[in-house]
Every structure is written in structure tokens, then in C-alpha cells.
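You will see two complexes here that share subunit A, one where it goes with subunit B and one where it goes with subunit C.
And now, the complex of A and B:
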């Protein structure tokens, strides 16, 4: 059958194409174009200028990338975010799955607990940070409880503990969202499987390991990827909790450095190079994670 | 801020630059003489807003065809970022009465500023004006007002520590007093400068003491870093002792440690007097020096905010007139009375002698106003300050490196940054 010119452009399902088009346009305008432009900036001596100002922005090849990679602060920031992800991602998966499983059971105050876990996620970071500072300052609640066991220097001004403390804070703050994902996934695990496991003599723990965990694997893949992507974009927490990446850059993240170099210091070309490297790093990490966590999906 | 948002901000600003409106030398010449309505931004603290409103009303009453539309500077992470974005977008107002001297070199590089009338600036501010001249010999900022920082102390906390007549002139005296305060538990810390790593924090710990110790040197002068000499190292060692001996805290504080009574002293300018009203019974002294210089020899950081004219302005003739009107002797007097901040004029103390006679709390700041040190007006200014702050933070606040080695290393990097245009 011959297809008309309109059908050739819109495909076999023009209504579907019409539905998808606004999102494609949105993606192109808000993600693809900016990303392409960032790549362009990273290869030029680029700075922001007033309209009409005559400025020269020559092509500089990999010069911005050399600047970035030879900057110890940037290297340290990438190392810091790896430490963050190593703590944050597994902790997020384990805690959110465990808590979702508990909240899915018929327990009293279930709605109250669900809301309690979700509140930090929807509360402004600035407000929640105050609570965390109250807990983790040198004279905060945690150190009061620990007494002589409290670390010195304290959590947020300790080079070795600052980033793990930030990682735990972010895990706690975002837990509500990931619990919701798992709660949704748990609804799709067939009750027959649990009954079969029970008839085979499996206890709660064995049922959890052999039925729940494989049953929510697609959700786990999503949680791992989302936690990685949001973790790699870490900015607000080190900015607010540790005063701009202290102590001595021990909690600085690549996005924080990108903001300093690109916006504060007026070198958007260097900021863009950091951003491009971060995108590449996150993509590689996501591919590796998908290979391991999401292997049964593929 | 998420990565996408960061990239988006970076890119949108760039896109706006690419799609921007017209400009060029011909337009600029015409705009310099053009008169008509203009827009201005001023700071968003209550006292400055009150002054701004009366200034605008006074101007508008006399200039029906050249009205000012004024607003508080839009909120953002910092005024500098808001202004930088407005320059790029081409929608900056004609005048901003809140331009940080540290950002002027960057705004100038962006093509966002208009050179101002040098003779008026030098006539109004005298010798102080020199610090605000750009490397090309022009003024892209009018030195407007300063907040010479001094040491405020809490008299009640000092009395609780058994100190009735504090002596804080030398580093040894300052340290001894600090130890007495902390040992007596009159306050948890002697002083609490923000220990965070933002580039501007050094303006309120290292820089005032460096200005005093060095007799008025800037961080960078004649294309070379000045802070790694003996004076800078003495100041760094002084602060390191304060942190090492737990007389100051390396932890971020949410709130005002001085007002809360957590710290017995603070490094602040006269703007804070209104804030302390009814909350703290305070006294004020100049910042210390190693040898205890006389008060009339002490220099300090200016903490100035200036007025700049932005290239997006179409009616620059009117903007230039408003600039002079708003910084006239009369308006400066009203500004001083409304805010307690020092107009950057020659002889503030004598020009407004009546005010200082009625408000003796401000007299010390007026005396100090003629010996203020500004941030250097050099390219890469903010990168230079961040480089310095990183080294200071590592060696002084967290004690992870020798202060001398840290300052030497930072000085080498700063020298390279100064050379770049």
C-alpha cells in the first residue's frame, strides 16, 4: 500500500507521534540543545558577554579539559563524589527496599510512617539542613550521645568524615521517594509466589530474598540509576552543610566546583568542561550498573 | 542545583548573549547623551530601601520627563550572580547601588559596564578613589559607601570573664583576652568569623588584619601577590592560633554568633549597629596588629558597595545625572543618617560633624573610613580570592598545612592569575 507524504513523515501511528512531539521538542530545547552548547563552550575560550559586546571566543581544543584535569580541586571533587556514591547508592537500595517491605505489611500507623519518611524529601533542603546541623555539630545531639566517642574534629569539619556524613544525610533526605518506588513495585509481586514459598517451607527472610528481591528487580535498577544520577549532581548539601565544600575541599562535589568556576569566577568554558566530564562519568557508571543490576531485564 | 539545571543556567545565559540586542560604539555615543526614564536597583536591606525610596521620590518630583523606576535587587544566590546574569541577558538596569568592587573586573570583561566621570569621582572621594580605578585607567564604579570593619566586643561577656577594660591592640593581648573568655566559660568562643570556603569570607578575618599589619596593602599590588610576606604570615599565624586553641570555631554557624552570645567578639562594620540595638551591649576597637599600632594608624577592610552604570542603559545622560544627585553631599548625609554606613567621601567625619556629634557610636568608624583598603581591582579577582581562601582554609582554619607554605603556594598561583587578562 502506498503511503502519503504526511504518513511518511508522521509514521504508521500519527496520533502517537502527535502525542510524543511536545515531549521531544521539550527534550530538544531543555536538554539536547543546552548539552550541545555546553560541549561547544568547553572547546572555546568562552565567557558570557553583554549583548552587542564585541568579544573573541576562539576555539581552544582540549585546553579547558587540560585545565580541569590538572586542577587538584576538580580531581578531588570527582573522588569525593565516588565516595559519596559508594555509600549513598547501596544504602539507599537496602534501606528503601527494607523499609518499603515493612511499610507494605499490615502494620499499625502505616500511613503515618509512610508520610514521615516522605516529609524530608519534599521539605526544602535549607530547612532540613538546620536539623542536620543541630544533630551533627560538634556540640550537637549525636556528639552529646556519643560523649567521649565523638570524633575530633567533629563530623562536618573532619576530612575523613565530612563526605560520608553528607552521603548519609542525602540518603535520609531522599529515602521517602525511593520507598515510594519500591512500594509501587511491591504491588506487582504476585501473592501466589509468597504462598508457594510458604508451602515450600520458606520463612520470611527466605521469601524476601527469593521472592521480593527478584520481584522488584526492575525497580531496583531504576533506584540505582536515579540514586547515581542525583548523587552525581550533588550541590546543595555540601554547599549548605559544609560551607562550600569544606573542610579543605573534602566535601566539594563536581557540580559545586562547576558552579564556582563557571558562575562565580566567570569561566563558563571551564565549568562546561567539568559538566561534560561529569555527564560522561555518569553515563559510564550507569552503563556498568545496568550491566550488573539490570541484567535480567535485558 | 542539579547538573541539568547547572548546565541549563550556563547555557541559557550563553544563549541569551548570542540572541542579544543591538549595541556598538555609535549606539553608545548616542546613549551617553540620551535622557529619559531609567531604572535602578538598590540593596534589599530595610534602611537602604528607605533611603532609596526618598532619593527616587526627590528626583522624580523634579524630573517628570526623566523618571526613575526603582526596585530592590532581585534575590538570588548573590547579588553578583544576579547582576552577571542581567548583563548577559541585556536587561540590567541603568544603575545598581549595590555593585561589589570584587566583581567589577568581571563585569567589565563582559562588556557590561560604562566608564564614569573620573573628575567627579576624584573630587568626591579624594585619595580613596584611586583603589577603584580599573587597569585601563578609567572608573567603571563610583566609590559609594564603606563599612570599615572593626572589632565589636560584648561588654557583658567581657565583664563575666572579669575583663572591664579590654586591651585588644596586639596579637598577644588579643589572644590572652580570648583565652580568658573561653577559660571562664563566659562565651564558648572568643570570636567566630565564618569559617566556610566562599571566596569572600577572607574579607572578614584575614584581610582587615592584613590591611592593618601592612599599613594598608591590598591583597595584590603592581601585578604581584602581597600576602605571602612577613605581614601576611603573622596574620595567618595569629588566626591559626585562634583556631588551634579553640578560641574560634572551624564549624559553620547558622545565625549570628555574636548576637547569640556564642562569641564574645565579631569583625563587623557599622551597618551592624542597628542590628545589635537592644540585643548586645557592645564596645568597638580597631583590629589588632602584632606590635599594637596606634588607632589612627590602623587600616582595615572597607567592605564597600559601589554604584555602577550598566551598558544596557539607553538614557545614560539621565543615569549620569542621577548618579551625581544620589551621591551629592545632601543625599550622602541622608544615607548616613538612614543606614549608619560611611559615604566614600573626603573628610566624612568633618563633613557630617553634626551627625557624629549626635551619634558617637559611629565616630570611630568615621575616623577609620579614611584608612580603608579595598579588594584589588584586577582581572580574575574572584578566582584570586578563591585561590587565597582555599590556601587559608587548609592551613589556618584546619591546620593541615604550614601557613607559610600555603601562602607561598597561593601567591604563585595568584601571580599567574594576575598576568592573565
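And now, the complex of A and C:
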């Protein structure tokens, strides 16, 4: 087909621009602009004012960041997320790969298993939090099964156990999604490699370690990254499961603190600074994780 | 093989038990946290908790709100997302690469950073607090669904489109009469993917709705959980009854359409 000069400038189907315009406007309005606005707010003395009111919002440099970093509650929340990630990420990788591997074998009741692992993921966090509260209550079912072994103070009100309990809850809730990712990745591992491994006399465990694990490495990179992002997004669980991050801030997450400082206490500039720090933290973690987990990609 | 089966069975028990317990707990007259309480006793069963939670938060109203919120997001994603997905897959125009890269970039921008600025913009600047529009706006077009639509449109043979263009059909009618009917299964996948997000979303509607009669069920249930439940006679029973109502639509949709969630559309993302 011959292309006129117009087609060279606009492309063969300029109508495409019209088709993507709503989407681009959406991305600009809901992602790009707020992103810039968040950074702007974090460097200014920004406060809530009536719509249309003209108020002075002076540039304050790093003052909001100083406020944030010298706040022990914020530092504690960032530390809590690290505790969360140290428990949640390895547990997620090991359990989801193990279960996906077991599911991948031709096994009876496959559909049943797939559905049961995925159900917590599709259910609203608010709904399942209700059951977990009931289960992990001081006189809940878990403790009545454990009897004298039950921790005192109980799981969610114990400052050493609250965050680990939240981390285990989230692992359970999200696992189905990660199992699905691994199931998809397992389809791409070559069958020949397994045959070669068994020719070399490798047992099931050996061929899992030497064929499966390296074979799904790109998926592992993705799982680690997504689990980290989930941890950084943590809000509903500490808000509801541990009554707003209790006991005494032991399970508070950065997003929870961001909500309290930014909206409840009316300091959106401080909240925005927490958000910016959180994202920088996630990016740094993602880079470090990539170095360790995704080393064979590059 | 047997070991794997047993491991999967134990796993399935751990994953399903809380749901079973949710249902049992919602039907118990008296909460019974002992081991025996995990088994239904005919004398202790009642529908009273459902009436109780319905009295406290008006389930019907909350479900309608959840439905409008979710429906708005699905509609926006279907209309604008299909247009964008089609253009990105089948049309040559200036800036296509840019839009595509933007779409991928967006996937890694964490929503939590945007919570505060979006709250300021939507609530304070645009005055959209306590409105369906304010609830829907940040989720209006689901980027993951746009990506899935694009992948499916890409799989259709190019000759089909060339032939239609030679016949002089406009792009809009090609999209509507040729492309969409061929990717109907993808549209269903897109709807299911999109459904889970707003139906289960908590933080955003929680931030922007203070008026009780506009709150989706997840928000009103959490408010009940944090404030009212201390005063109720059997708070856990009522909470669990609400939880069942909130969980049921998503779980039912998933169980019915579970084949649609499986690997094929996800594997393209993993291969990357």
C-alpha cells in the first residue's frame, strides 16, 4: 500500500488517536497528575481549604520529610513492613511454587483444588477479616484447639505476634493468585529437561531443584515483586484485624499511618511525603530483589 | 503421587475452612468458639444474624451501592478499554508506542502513593465526595483489562481486517461487527478480572463516603465491625452474616466461570 505524506506523520489510521484518547486522559488525570501533585504537596505546606479559596502554600523544602522521618510511629511502621515482608515473601514463594507443582501433576480433583486455593483471593478482605478475628480471638477456635499452648496475650493483641499474624493472613489470602502465576509458568518448562534429568538418575526432589526452580525463575521474580507491592499497600488488615495497627503501633503499616496523618489529622503534605518515601522504599527493595532473584535474566 | 494428593488435600482444608466457619458462624444463635462449635448443631441454628446485620446496615442499599460502583467500573472498562485495546493492537497511529509504554508503566505505580493526592483532588477540588462518580473515577478503566483486550485482538488474523477495510467499512464498525464478536470470551475474562477489584475495594470508598446510604457493603460492614459490633448481642454472628453476603457474589462468579481465570491470559504476562 502506498503511504501519503499525511500517513507518514499521523500513521495509517489516525482514528486510533481518537480511540485511545479517553484512556490517555484517564491515565493523565488519575495517575500522572496526582503523581506529580503528590511530590509537589510533599515539598509545600499543604493543608485542606474550602474549594476555590485562595490560600498561600509556601515551599518548605524537606520540612515534611524531616517531620516524617523524626516521627517514631512512622519509623516503626516502616520497620513493621520489613517484618511483614521477611515472613510473607519467602512463605509465598515456597508455598505457591510447591502447591502449583503438586497441582500441575495429573491429579484427581484438580478443579476442586484450584477453586479452593483461589477462593480467598477473590473474596473481599473485609469479609474474611471477620472470620479471622473470630478464629484468632483470645477465646477463639485456634486457641481452644491449642489449649495451654495458646499464646498469652493472644495473637492479634500480642506486640510480638500481631504483625506475623497479619503477614500469615495476607499470605493465605493472596496465595491462590501466585499459584496461578506459577501454574502458567510451569507450562513453559520443557518436558525434555525432566527426561534428561531422570536419565541422569535425578530423583523427584533433585529434578525439582535443578529443572523446575530455574525454569520458573522469571515467574519467581514477578511473584517476589508483586508480593512486595502487596506488603507496601497493606492497610485493610491492620486497620480491621488489629484495631488500627495495635497493640501500640506494633502492626501499623505505612499506608495506615499515611491515612491517619494525612486525612484523619489533616496534614496531607505529611501524608504525601510518607507516600513518596514508601514508593522510593519499594523501588529500592525491588532493585535489591531483582539482583538476588532475577540474576539470570540479564 | 499419593503424597502430593494428601498435601493438596490438607492445603485445601486450610484454605476452605475459614469459609465454612464463616457460614456456620453466621447461622449460630450463640457464638461457640469451642471445637464443637465448628459442627452445626440443629438447635443452635438461626437466620437471626442476617436480620440483625440487615437492621444495622441495610444490606439491600449497600449491595446496590456495591453494584453501582462495580457496574460503573465494568462499563467504563468495557467501553473505553475495548476502544484502547483495539487501537493498540490493530491501528497504526502516531503515539501508539508511547501509549503502550505508558500503560505498562502505570502497572508499577503503586496506588497508595496516589491515595492522598487523589483524595485532595476528588474530594476537595472537584467536590465529588459522597458520590458514585467520585467512587468510580480512579478505577474507571482497568489497565490490566486493556492489556488483556489488546492481546486477544492481536491474535486475530490480519487478513480479516484488511478485507473489511477494502470493503470500505469504518474502523468503528470493523471493531463492532468483526473484532468484538470474535473476542467475546476475552470480554468475559475482562469483566471477571475487573469485577473483583471494585467489589472488594475498601480503602478508596471508605475515604470518600461518609454518608451511610452511599457506602458499598465492604465499607458499611467494616464500620459495623469497628464501631457498632461492641454493643450487639452476637456481634460475630452478625459480622459473619454480613461477610457471607459480601463474599457470595464474587465466590459464586468465580466458581461458575473458574475456567476463564486459568492460565492462558496470564501466561502471556509471565512470559514477558
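Just so it is clear, the second predicted complex is superposed on the first by the 269 of 298 C-alpha atoms of A that agree within 3 Å, B and C clash if a C-alpha of one lies under 4 Å from a C-alpha of the other, contacts with A are read in each partner's own complex, and residues count from 1 in each chain.
Definition applied: a contact is a pair of C-beta atoms (placed from the backbone, for glycine too) under 8 Å apart; a residue touches a chain by one contact, two chains touch by 3 or more.
It should be emphasised that the depicted structure is a prediction, and the values quoted were computed from it without experimental measurement.
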item	value
Fit-or-clash call for subunit B and subunit C when the two complexes are aligned on subunit A	clash
Contacts of A:187 with subunit B and subunit C, given as first, second, both or neither	second
Partner chain in contact with A:15 - subunit B first, subunit C second, else both or neither	second
Partner chain(s) touched by A:90 [first = subunit B, second = subunit C, both, neither]	neither
Touching partner for A:265 - first (subunit B), second (subunit C), both, neither	first
Partner touching more residues of subunit A, whether subunit B or subunit C	C
Touching partner for A:119 - first (subunit B), second (subunit C), both, neither	second
Contacts of A:47 with subunit B and subunit C, given as first, second, both or neither	first
Touching partner for A:61 - first (subunit B), second (subunit C), both, neither	neither
Touched partner set for A:108, first subunit B, second subunit C, both or neither	second
Partner chain in contact with A:245 - subunit B first, subunit C second, else both or neither	first
Stretch of subunit B, among 23-31, 77-85 or 131-139, that runs into subunit C once the two complexes are superposed	77-85
Common ground on subunit A, meaning residues reached by subunit C in one complex and by subunit B in the other	30-31, 33-35, 37-38, 41, 46, 48-49, 51, 130, 133, 137, 139, 232-233, 235-236, 243, 255, 258-259, 262-263, 268, 271-272, 275, 278-279, 282
Complex contacts: residues of subunit B adjacent to subunit A	1-4, 6-17, 19-24, 27, 80-81, 84, 87-90, 92, 106, 109-112, 188, 194-199, 249-252, 254, 311-312, 380, 382-383, 386, 390, 393-394, 397-398, 400
Partner subunit B, residues of subunit A touching it in the complex	30-31, 33-35, 37-38, 41, 46-55, 73, 130, 133, 137-139, 153-154, 156-157, 159, 230, 232-233, 235-236, 241-249, 255, 258-260, 262-268, 271-272, 275, 278-279, 282
Touch list for subunit C against partner subunit A, complex	1, 4-5, 7-8, 11-12, 14-16, 18-19, 21-22, 25, 31, 33-35, 37-38, 80-81, 83-84, 86-88, 91-96, 99, 102-103, 106, 108-121, 124-125, 127, 137-138, 140-141, 143, 146, 171-172, 196, 199-200, 202-203, 207, 218-219, 221-222, 225-226, 236, 239-240, 242-244, 246-247, 250-251, 253-255, 258, 261-263, 266-267, 269-272
List of subunit A residues in touch with subunit C within their complex	9-17, 19-20, 22-24, 26-27, 30-31, 33-35, 37-38, 41, 46, 48-49, 51, 98-99, 102-103, 105, 107-109, 111-120, 122-135, 137, 139-141, 144-145, 172, 175-176, 180-181, 183-185, 187-188, 218-219, 222, 229, 232-233, 235-236, 239-240, 243, 254-255, 258-259, 262-263, 268, 271-272, 275-276, 278-279, 282
